[in-house]
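Below, subunit A partners subunit B and then partners subunit C, in two separate complexes.
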Partner chain A sequence: MAATGFLLRGHMQNLLDALRAAGYRCVGPQVRDGAIIYDTLSQADDLPWGWRDEQKPGRYRLGRHDSPWGFAWANGPQGLKPLLFASADTLQTARRTDEGALHFESATPHAIATAVLGVRACDLAALRLQDQHFLEGLVPDPHYAARRADLFLIAVHCTHPAATCFCVSTGDGPRAEHGFDLALGETEEGFLGTAGSAAGAGFAKRLPLRAAEPREQDALEARITAAAAAQQRSLPARDLRAALFANLRHPRWEEVATRCLSCGNCTAVCPSCFCHAQSEEPTLDGLSSMSVRRWDSCFTQGHSAIHGIVIRADTRQRYRQWLTHKLGSWHDQYGRSGCVGCGRCITWCPVGIDITEEAAGICGSGHV
Partner chain B sequence: MSEPHLMHEAVICERIQESPTIFTLRLAFTDPEHKARYRFQPGQFNMVGLYGVGQSPISIVSDPEDEHLLDHTIRGLGRVSLGLSRLAPGGRVGLRGPYGRGWPLAAAEGRNIVLVTGGLGCAPAVSVIRYILRRRERFGHLTILQGVKHADDLIWRQQYERWSGLPDVYVGLAADVSAPGWFGQVGPVTVLFDRAPIAPGSLVMLCGPEMMMRAVVEDLRHRGIDENDIWLSMERNMHCAVGLCGHCQIGPYFVCRNGPVFSYPELKALLGERGF
Partner chain C sequence: MDAKPRLAVHKFSSCDGCQLAFLNQGAELLQLATLVEIVHFAQAGFVAPDATVDMAFVEGSISTPEDEKRIRLVRKNSRYLVAIGACATAGGLQALRNRAPGGAGWIAEIYPQPGHIHALPASTAVSAHVPVDAELWGCPVNGRQVLDAVRGRLFGVTPVVETDKVCLECKRQQGVCVLVAHGAPCMGPVTRTGCGALCPRLHRDCYACYGPAENANTQALGRRLADLGLSPAAIARRFLSINNAATAFRDAGDRWQEEDHGDA
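Then we have the complex of A and B:
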């Protein structure tokens, strides 16, 4: 795709101003509590200029570098997921009258038009998976749909993968290929911009862009190619769905269960995991009760509990459920793997369990 | 915008104590418009909500053409079902549904039908038995085989006795553990198979504990029943009932949406595989 234009680094504030003028709340990456997180971004100065991340199994550290780059890092613990599939949502409110009658009312999904700056290719792929799950199933989820409807996405191609990244092997990065309104590629002087939608092209006209030079385009291409080549991890290039279900009794499940704490960190940081639990939260006055959904994890006991039976009572069964779903039965449900290669589950696992290592250990690492 | 999570108020018109722990709530929607719109198929379920406590998936046991009452037979075991057991006629619950894929009744027309159920697994099956008996001319011979763990667990005893007196209906009862006065056989439900009419070409519907269903399928396969003619009703943890919350998955399936009734070939790779 030919670049739409070049945005100087010093003009990033113009981009935020233009988004705000267009009626968007701006969300972007920023450093908080030792990690890069996505939250409301008030000024371009709050972007993680000069920050780098160091990730490896069970470890995430940020460090300052004497560099003007703003996106010289891979990712943080969360991408787009919490912005659309909120960690808690009220679904309905029930009111009980003095006579005992019940009145139910759907909780109105409230969403404000949001523009997200700095979306990674892996998170765009995960967004597509969440769209399939929450919008294209039996019934669209109204809360997700409301937040999704007014979303403007500005991707930034990955040029600095972490040691835990493996999006090349899942086919989801490091270049943002589709699903964005505008994509930026960072170079020494600023950003090459490419529109990915009519809205993105219209928006680009409001930016102080100058023509992109071929050498800038070449430099960016070289950076992205190098980022792909630098990835150290990969999923086995074979039919993992068939291999996993053919190996349900593999001793490795037992072995990984001796390390896994069943804490659910992997599912919380996973950008495609969608499980959630629904519970009733009555008000203290007893007059009403809300049905609330919150993120859940297949690593909990409650996830598979039915009247006195827990289907997955031990960690071996829970880890197996997670992996066979993510890399296996996801193909049956949504036509592809549920893993986008972001590596978060590796980084944020407190004991550093590596999904690529476990998949290779159970399925074999060869090509079939 | 659709409202997939919204419940509707229903009133308890009648409450029947079926056994010390099992009861039936006969419910009706209070909103006449919603009541008129509501349609279900035998084998489908509703989410039944207890105010301030939670929701449970409960199969519908009444006839789909009974426009007045929706019967839900429940064992009081958990927070929701125990709470529901304490409600009296006139009490209100939340109801949403119906959900899932029911029994293959179109495929069953003109065929001999064999129903094998275990424990409270009989609840989803009772709806289909009643459905067939009310449309007797559209179906062949009906064989009903019910197994329970303990003889005291049997509910609807009079109903089974009545059914066994009908033409072209065979009823067999078995209990793993007998009790004084038990009139059925002793052992797993498969002890009934030698004596029961299970004609080749029958369509079989199963409901109950998975290990029981697995043993039944194996036995039936030896009796020449085609695996495509075996259907099973499954039970899993369910919160949303619309394929979103993820709890009810068995391999590729969301039981709430793709089931709860499955054909045996759909499930056989994972049936009985602990952890799925």
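Then we have the complex of A and C:
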């Protein structure tokens, strides 16, 4: 894709101002509590200029570098998921009226138009999977749909993958190829911008862009190619469905269960996981009640509790559910694997269990 | 059937902190008083310890011969009995005395007239003495837990007892993991949720005050804490704290203490 123009680093505030003028709340990366997280962003100064990350299984650290770069890091714990599939959502309320009748009311999702700056390629791929799940099924989810409707996405190509990244092997990065409105590629002086939608092209006209020089384009290409080459991890194959289901009794399930905490951190940070549990929360007076849905995980007891029986009572079964769904039966449901290679489940696992190592160990090919 | 259900809050060997889960409710406490008749709750000024009630909340561990006698009476007088807090569900911090080497010898080392101390050999959970209908874990429990239990009872349903790990809620709150990002010895992966992931949200490691979660892999977490640089003695202390007598934590603590002595 040819670049639409070049944005100098010093003009990032203009971009944020233009988003606000267009009616968007801007969400962007910033350093908080020792990690790069996404939150409302109004000042370009709050972007993680000069920050670098160091990630490995079960470990994440940030450090400052003497560099003007603002996106020289790989993803932190969050993707787009928390913005669209909220970790807690009230679905409906039930109320007993004075006459004794029951009154049900759906909780209308109130979404504000949101622009997200800094979306990575893996998260665009995960967004596609979440769209399939929440919007393209039999009953579209109104909460997800409301937040998804007015979403403006500004992608940033990955130039600094972490040791835990493996999007090349899943075919989802490091270059943002589609699904964005505008994509930025960072270079020494600033950002090459490429529009990916009519809205993005229209928005680019409001930015103080200058023409991109071929050498800038080449430098960015070289950066992205190097980022792809730098990735250290990979899955044994894009489609592990048959291999996993042929190995349901592999001794490695037992072995990983001795290391796994069954804590659900992997599913919570995974940008494609969509499981949730619903509960009824009555007020003390007993006159009204809210139905609340919250993120759940196949690592909980409740996830497989049916009529008082917990089907997957132990960690061997729960870990197997995670892997065989994510890398196996996802193919049946959505036509591809559920893994986009973001590496979050590796970094944010408190004991550093590595999905690529486990998949290789169980599917029988590779480095374990 | 118009009479309001009668409620009692009893105290045994404890710090009184869990009772504040009721008292700190403000407006909801007034509402509670319209839904139930509070017949015994000494800290709130209602004293009728021997009254029969529909619903009794019991705070504190069973630590003295007097406790032991009284809990049987409370059970007999209560249709539905809910144990609240770490003391009542697991024996509390004071159960550390159960582990004291040399039995009760330490009493004489501390008290000038040890003859005045009438204690059972161990501080134990209410469920070790009488059948319990529900257990609310935590040190202390919070208002949401106790009021949910009251509401559930008024509806005639079993209260939802949370068993998941703190991590689930920590991630729902979008907290940055203090173990992964700071190397803090967080107990969240083995600890029961219910606190709203309070500590990790305030950037400190969970210290397991809600007791063991279901399917807690204390071995794997212990090994991870060792990787983070904690000594076997320090790891043992992480488990042998507020819920030291809860089975999963006691066993883990025992193992790391043995490791410690083995090293010495």
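Just so we're on the same page, the second predicted complex is superposed on the first by the 360 of 368 C-alpha atoms of A that agree within 3 Å, B and C clash if a C-alpha of one lies under 4 Å from a C-alpha of the other, contacts with A are read in each partner's own complex, and residues count from 1 in each chain.
Here is the rule we use: a contact is a pair of C-beta atoms (placed from the backbone, for glycine too) under 8 Å apart; a residue touches a chain by one contact, two chains touch by 3 or more.
Only a predicted model underlies this, so the values are computations on that prediction, with no experimental measurement involved.
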Clash or fit: subunit B and subunit C on subunit A? fit
Using the superposition on chain A described above, determine whether A:G100 touches subunit B (first), subunit C (second), both, or neither. first
Where does A:S279 make contact in the superposed view: on subunit B (first), on subunit C (second), on both, or on neither? both
Just to be sure I read the superposition right, which of the two partners does A:D33 touch: subunit B = first, subunit C = second, or both, or neither? second
Once the two structures are placed together by chain A, how many degrees is the angle at subunit A between subunit B and subunit C, based on Cα centres and rounded to a multiple of 10? 70
On the A-aligned overlay, A:G137 touches which partner chain: subunit B = first, subunit C = second, or both, or neither? first
Based on the superposed arrangement, let me know which partner A:G335 touches: subunit B (first), subunit C (second), both, or neither? neither
Let me test your reading of the model: by the given contact rule, A:P214 touches which partner, first (subunit B), second (subunit C), both or neither? neither
Working from the superposed arrangement, determine the closest approach of subunit B to subunit C, counting only CA atoms, in whole Å. 5
Do subunit B and subunit C land on any of the same subunit A residues, and which? 279, 282, 286, 296, 302
So, in the complex, the side of subunit C touching subunit A is made of residues 28, 31-32, 35, 147, 150-151, 154-155, 160, 163-165, 167-168, 171-177, 179-183, 186, 188-190, 203, 214-217, 219-221, 223-224
Touching residues of subunit B toward subunit A in the complex: what are they? 1-9, 30, 49, 51-55, 75, 77-78, 81, 90-94, 235-237, 239-240, 242-247, 249, 251-252, 254, 257, 269, 273-276
Spell out the residues on subunit A that touch subunit C in their complex, using ranges where they run on. 32-35, 37, 58-61, 76-78, 82, 87-88, 258-265, 268-269, 279, 282-286, 294-297, 300-302, 313-315, 347-351
Provide the residue numbers of subunit A that touch subunit B in the complex, in ascending order. 91-92, 94, 96, 100-106, 109, 133-134, 137-142, 145, 245, 248, 274-280, 282, 286, 289, 291, 293, 296, 298, 302-308, 311-312, 316-318, 320-321, 324-325, 328-329, 332-333
